[in-house]
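Next come two complexes built around subunit A: one with subunit B, the other with subunit C.
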Partner chain A sequence: SKTLFFISFEPFRGGLDCATVEPLFYCSVSSDLEEKRIPLPSNSQSLQSCTVTVFILFLQIPLRSDYGYKVSLFSHLHQYSRKAPLTQQISIPATVIHPSIVRLGLQYSQGIVAGSNARSVALLHAFKQVIQDYSTPPNEELPRDLVNKLKPYISFLNQCRPLSASMGNAIKYIKKEISNIPSQCKEEEAKKKLLLCIDNYVNEKITLAAKAISKCAIDKISDGDVILVYGCSSLVNHILCEAFEKQRKFRVIVVDSRPRLEGREALRRLVKRGIRCTYVLISAVSYILPEVSKVFLGAHALLANGYVMSRVGTSQIALVAKAYNVPVLVCCETYKFCERVQTDSFVSNELDDPDDLIVTREGKTQLADWQSVKSLGLLNLVYDVTPPDFVDLVITELGMIPCTSVPVVLRVKNVDQ
Partner chain B sequence: MELQAVLMAAGGGSRMMDLTYNTPKPLLPVGNKPLIWYPLNLLERAGFEEVMVITTKEVQKALSTEQRLKLDVKMKLDVVCIPEEADMGTADALRHIQQKIKTDILVVSCDLITDVALHEVVDLFRAHNATLSMLMSKVHEFTETVPGQKGKKKTGEQRDFVGVDSTGKRLLFMANEADLEDGLVIRKSIMRKHPKMHIKTGLLDAHLYCLKRSVVDFLVDNKSISSLRGELVPYLVRKQFTKALGSQRDDEHTDQNLKRKDANASLEILSSSKDEALLQLACERSCWNDHRGDMSEAYHGGQLRCYAHIMEDGTCYRVNTLAAYVEANRVAPKLFEEPPVHPSAVISERSLVGGDSIIGAFCQIADKTSIKRSTIGTSTTVKEKVKVTNSIIMNGITIEEGCNIQGSVICNNAVIGRGADLKYCLVGSGQRIEAEAERTNEVIVGSDQLMEI
Partner chain C sequence: MDEGELVEYFRTQMSQDPDVASAVAAIRSLLEFLKRDQSETILGLRENLTKAIGRLQEADSSVAVSSGGELFLRFISLTSLENPDLSQCRNVMIERGELFLKKISLSRGKVAKLCHTFIKDGAKILTHSSSRVVLKVLESAAADKKRFTVYVTESQPDSAGKLMADKLRRLNIPVTVVLDAAVGYIMEKVDLVIVGAEGVVESGGIINKIGTYQMAVCSKAHNKPFYVVAESFKFVRLYPLNQQDVPHRFKVSSFKCASCLLIPPPIS
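Our next item is the complex of A and B:
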């Protein structure tokens, strides 16, 4: 459990400047609150004698411990085991953390909710439950208190699985909306307003954006195309299904990679609609690429310097496609645009459970005790970044832009807000 | 609030009447603590702050008055009495407290002794949004000799056939041997959806269930279901694979449909009416599936899901037979960290108390006694030259000099006369064994408690 110190300064009432100073940090999650008054030595004239009120607060979010040997290049990142969920350290029934957040955290860590859009939508759904069950404690104001209530939940979710860029933007939006609620607004009204905001956000940024992107992208798909997709991107699948409805004639090559093998799910969804598909593993991509006319990729986030952060393996596909002069189109909603800048995949990434790499065939598991082999490390990366030179076009709901225009979009978005 | 705990302590202990005719089952001492302490301790360690205890008036009185039964739990116990004459099953009991149930529930039986990590069961319930999540364990062979057992050990109760899928978590099939007359019948729809099924017979149902709130509402509407284990659980497991009747029809009229009497449709509708549009969207966009190889979405689109956590190692006992009771007494002391010899017991220095024996409070152990692998209850007096091996001595018993007690169970307030020699006997409550008696493999109970046939 973390200990946080909040210090507030109150000027002595008899002093020259009697402006009341708002406490610097104000927190009302008051389960264990200890107040200590410590007189400061008065060593300056203007600061005559202040009493320092120190609030010692104990946040009860447990920390998940790292598992297994971490490859040295990535030793600054966390590596957790799926068999040790965070829920074994919190009480049943969950009281400190709202139950729908606990459920969401579990679903994240077990991979039941996976994919950038799905995670954001599930997060907003859980926040809706939290807001519905929230009631302002006496002497508190809804805007401040609700934002403070969300902080431990967000840190819990971060422990279960590191937050994605889309989730980060959604959280920023919610916090802004909550803070903007006027203080004379009644609680019921405020809650209704917030729930409506969340629904609007999902509708605008995800549902309608997907529609707009499909419309643009379908123009780029001509009859007789052979489209290559990688992994399972909900947006790319949506585009392809829509294009098929609009009677475009094309076939799809689904490229997949271990250990997640998400391409199988994409394959299932496309074949269910009736689209002709081919399925290969990423090791065969240079073999299959001469047949391909276009590559459609989904993105986890678009960084401010134009790099595309996506599932590990995407940069390789883009590289090989560039070598064969095949156009690469990245489809991404604007709410996934992120102000971070990254040029390599080492600095900030996610390490998944290394035991996923172990395969059991015919009852035999060769790497069953990989931890005892000192010179062996298993690395299960989740994301990688693709430089903008390999990406020809980014399709967003604002239109089709080159990769280098991402900072412009970000600037315009900030101005709007 | 996420889960409410419900402890079922109204059962009669019908399979060990010799022990329970005087002491109600929840109050039977195991390792010198009442049986009901073990599930309460499990719930307390998990973090529950309140438990609803459904029990009889007798037990409620005993819990609140008798000092000896100080339970030592910090949780708030909400004791609900059910009338003894009503002969209620576990599902009837849930119907009885339906007003108090506001969220999903965790039902535990009072005879469960286990050290399972509860979060394993509850995580299955949370993560998959399951309707039922239960705990099962591998059956342990009982190694202790059971007192009063004549002849070879019976084959035991009829087995349960439990079918799980290839991950070992999803429950596909559950039936008791008694219900299967000609053979095991498995529906084709199950085989089509889950081609790989493991059927296990050596499993013990720990009677620990996480149930959704909609199941309780369903029970209220369907008064014919009276037992959780016998009727509701197999029903829910079967219902996972029946065709959804209501969901094909108008989804907009879910609120009106809640009043319908149709048992089949109401459970589906009750559980699916909570699904919001956002949750649907998240499921659609998520690239996860619980199975592969066919064309259907996650969970085959089914709303009702039943999961089981099967404990591989660790203790899990259900104390509902004499054999289980004896075994549990052997094992239970490892579950709590109290010293085996109570500080208030008076033990003379010339007695030999083995390290694996438990002595209760206010006991008096005289000289030259030898106590090995046994449990001695509170306020028991053991006089000189007594040899007690492998036995369970309950509370308030007097054992006169020179006795030799081996492999036996002596119930409350019995008196064992001088020089008696008891091997593998069960002495009922308040019985007197005359001096110099020699009994082997007998059940000694009062004449008024003889078995009713």
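Our next item is the complex of A and C:
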């Protein structure tokens, strides 16, 4: 059970004049609650100073409230509604959060920027903008101050939509680069260096990696193949388009699922190139699998125990493909490898807006008032986890590795850094 | 040394010593090629070596020659970073090459020493076709005064299993030749299965004589341990997803079996 606390800052003696500040701190509430006003003791000097720091931290980011009834297995996760974006609750001037970050947050929460690679690239571009507009305040050092400046942005973006593993790795990289800037470096030089670092990261880890992966993967596509893909993975689409350019004769089966229906985007891209495609929903996958010779899947992240975290439905397809002895290939860049270990999809996942599951057919909307039914919960999961026994091969820019070699790659990367 | 001479050298190596592994013979020939090579730059040397390896692979298309050649090339690229002077570099390469060759010639003995402890007294062993490494393993187990019986599959179309049985009889090991089709029948009687390998692939699997996969599936079904003995130079940079994914040239017989009928490729 959660308790609510409003921190209302009465102007206290000797401290800052905060009469102009509005209470901005709220979290999810239980309905039966009483308000308690606790006067801040203003005689202790240390208490004043620590309340000042607390005040600064809490000023930054409003917390988004959960929406609707959460299924008990997933009650530790957040469930937000798309109709209540975090940006509406920001009443503070945008000097605290950079406008490009606000825009990015909105794009994430509304699903305008979606997909692991797209989100990371958008994040890095927004950070480039932040760095360009940044100026070191007096008596502060750029490395420490810039990293502190980024913290509220990151928590804001996390509130808009939980960070993906690729975004987490990108942020770790940027923070490391910023803290590695020597303190005697001039601001202009430092900023130029950081922008160059970010450009290199995007180029190496995403663009060039995609090229290297397609080169490897094209060897695995032979003439007459029937390839099954699920949802819309930018990397898998890239590979298939490249293979088609290299005159490989194959056809593609695109499997799609509600409520996102991302497969339609993949279908559109492939058909535009002229590749022969078939489109089915995930319920038909066991019907279509006897025709399939290979399954190509994208990944959101590869965990340290060899499990593949990807769009919900991926593990189902891998399971059925295994039952039909169809090889499953996962294509993933190494910047998506993360140190986390997970064996099930409950412990850490993302819950999307439950209202997305409501569908109107022939003028009738069945679940329109689902909130009024106390025993009904709508669950819109985003990710699931596939065990390594169902995956035959992982194609990365370092080459083709079995799923169990992921910790080796992580170890090698750590040694490099 | 031109490419014709290289292939001749390779063939003589193979015929002089029937017991030598084809990868070892390939590396020996490549070392000889390196000694006689006249190129002026390291890049030229590499190019010549790559062409030579290609020519050897045409002569003998087995997996072992391919893996041996690649190993040699990789080993050359590592040495070339140290010395700027070409003749010094070449001498270092040749010295290291000889050392490398000596080490891998001993590898079969090392495998036999490690493996014979898996064979307990009174064991019944099943093996497939004729493998010199398996023969060495069984030889060292017999020398260790262990009592065991061996079942060998006949392994058509070249009946190599019968050759294996002859060799084992000469070592006074009780051996029975079974039909390829009788693997499922005999599996309940045996305690363990030991086979050799032509090549070990990146996914951990092996490429071997036709009929090995059936034996492996059968032994899994009966929960019998299935051991593979292979030297380290047989590790090849391939990742096949299924039977079809193995390159075709590795599936047809190498020139060693020129005397027997040329095996037509399996229906794809």
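Operating definition for what follows: the second predicted complex is superposed on the first by the 356 of 417 C-alpha atoms of A that agree within 3 Å, B and C clash if a C-alpha of one lies under 4 Å from a C-alpha of the other, contacts with A are read in each partner's own complex, and residues count from 1 in each chain.
Going forward, a residue touches a chain if its C-beta (ideal position, glycine included) is under 8 Å from a C-beta of that chain, and two chains touch if they have at least 3 such contacts.
All of these numbers come straight from a predicted model, not from anything done at the bench.
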item: Clash-or-fit label for the pair subunit B, subunit C on subunit A; value: fit
item: Of subunit B and subunit C, the chain that contacts the larger number of subunit A residues; value: B
item: Touched partner set for A:Glu177, first subunit B, second subunit C, both or neither; value: neither
item: Subunit B versus subunit C as contact partner of A:Lys294, first or second or both or neither; value: second
item: Touching partner for A:Ala118 - first (subunit B), second (subunit C), both, neither; value: first
item: Touching partner for A:Glu140 - first (subunit B), second (subunit C), both, neither; value: neither
item: Touching partner for A:Asp66 - first (subunit B), second (subunit C), both, neither; value: neither
item: Partner chain(s) touched by A:Ser234 [first = subunit B, second = subunit C, both, neither]; value: first
item: Contacts of A:Lys220 with subunit B and subunit C, given as first, second, both or neither; value: second
item: A:Glu339 touches, of subunit B and subunit C: first, second, both or neither?; value: neither
item: Smallest distance from any CA atom of subunit C to any CA atom of subunit B, in Å, after fitting; value: 28
item: Shared contact residues on subunit A - subunit B and subunit C; value: none
item: Subunit C partner contacts - residues on subunit A that touch it in the complex; value: 220, 222, 294, 325, 327, 329, 392-393, 400-402
item: Residues on subunit C engaged by subunit A in the complex (per definition of touch); value: 202-204, 239, 241-242, 244-245
item: Interfacial residue positions of subunit A with respect to subunit B in the complex; value: 85, 87-88, 90-95, 99, 102-103, 106-107, 110-115, 117-119, 121-122, 124-125, 128, 199, 202, 206-207, 231-232, 234, 262, 264-266, 268, 271-272
item: Contact footprint of subunit A on subunit B as seen in their complex; value: 1-4, 46-49, 106, 117-119, 122-123, 126-129, 276, 278-279, 281-289, 292, 295
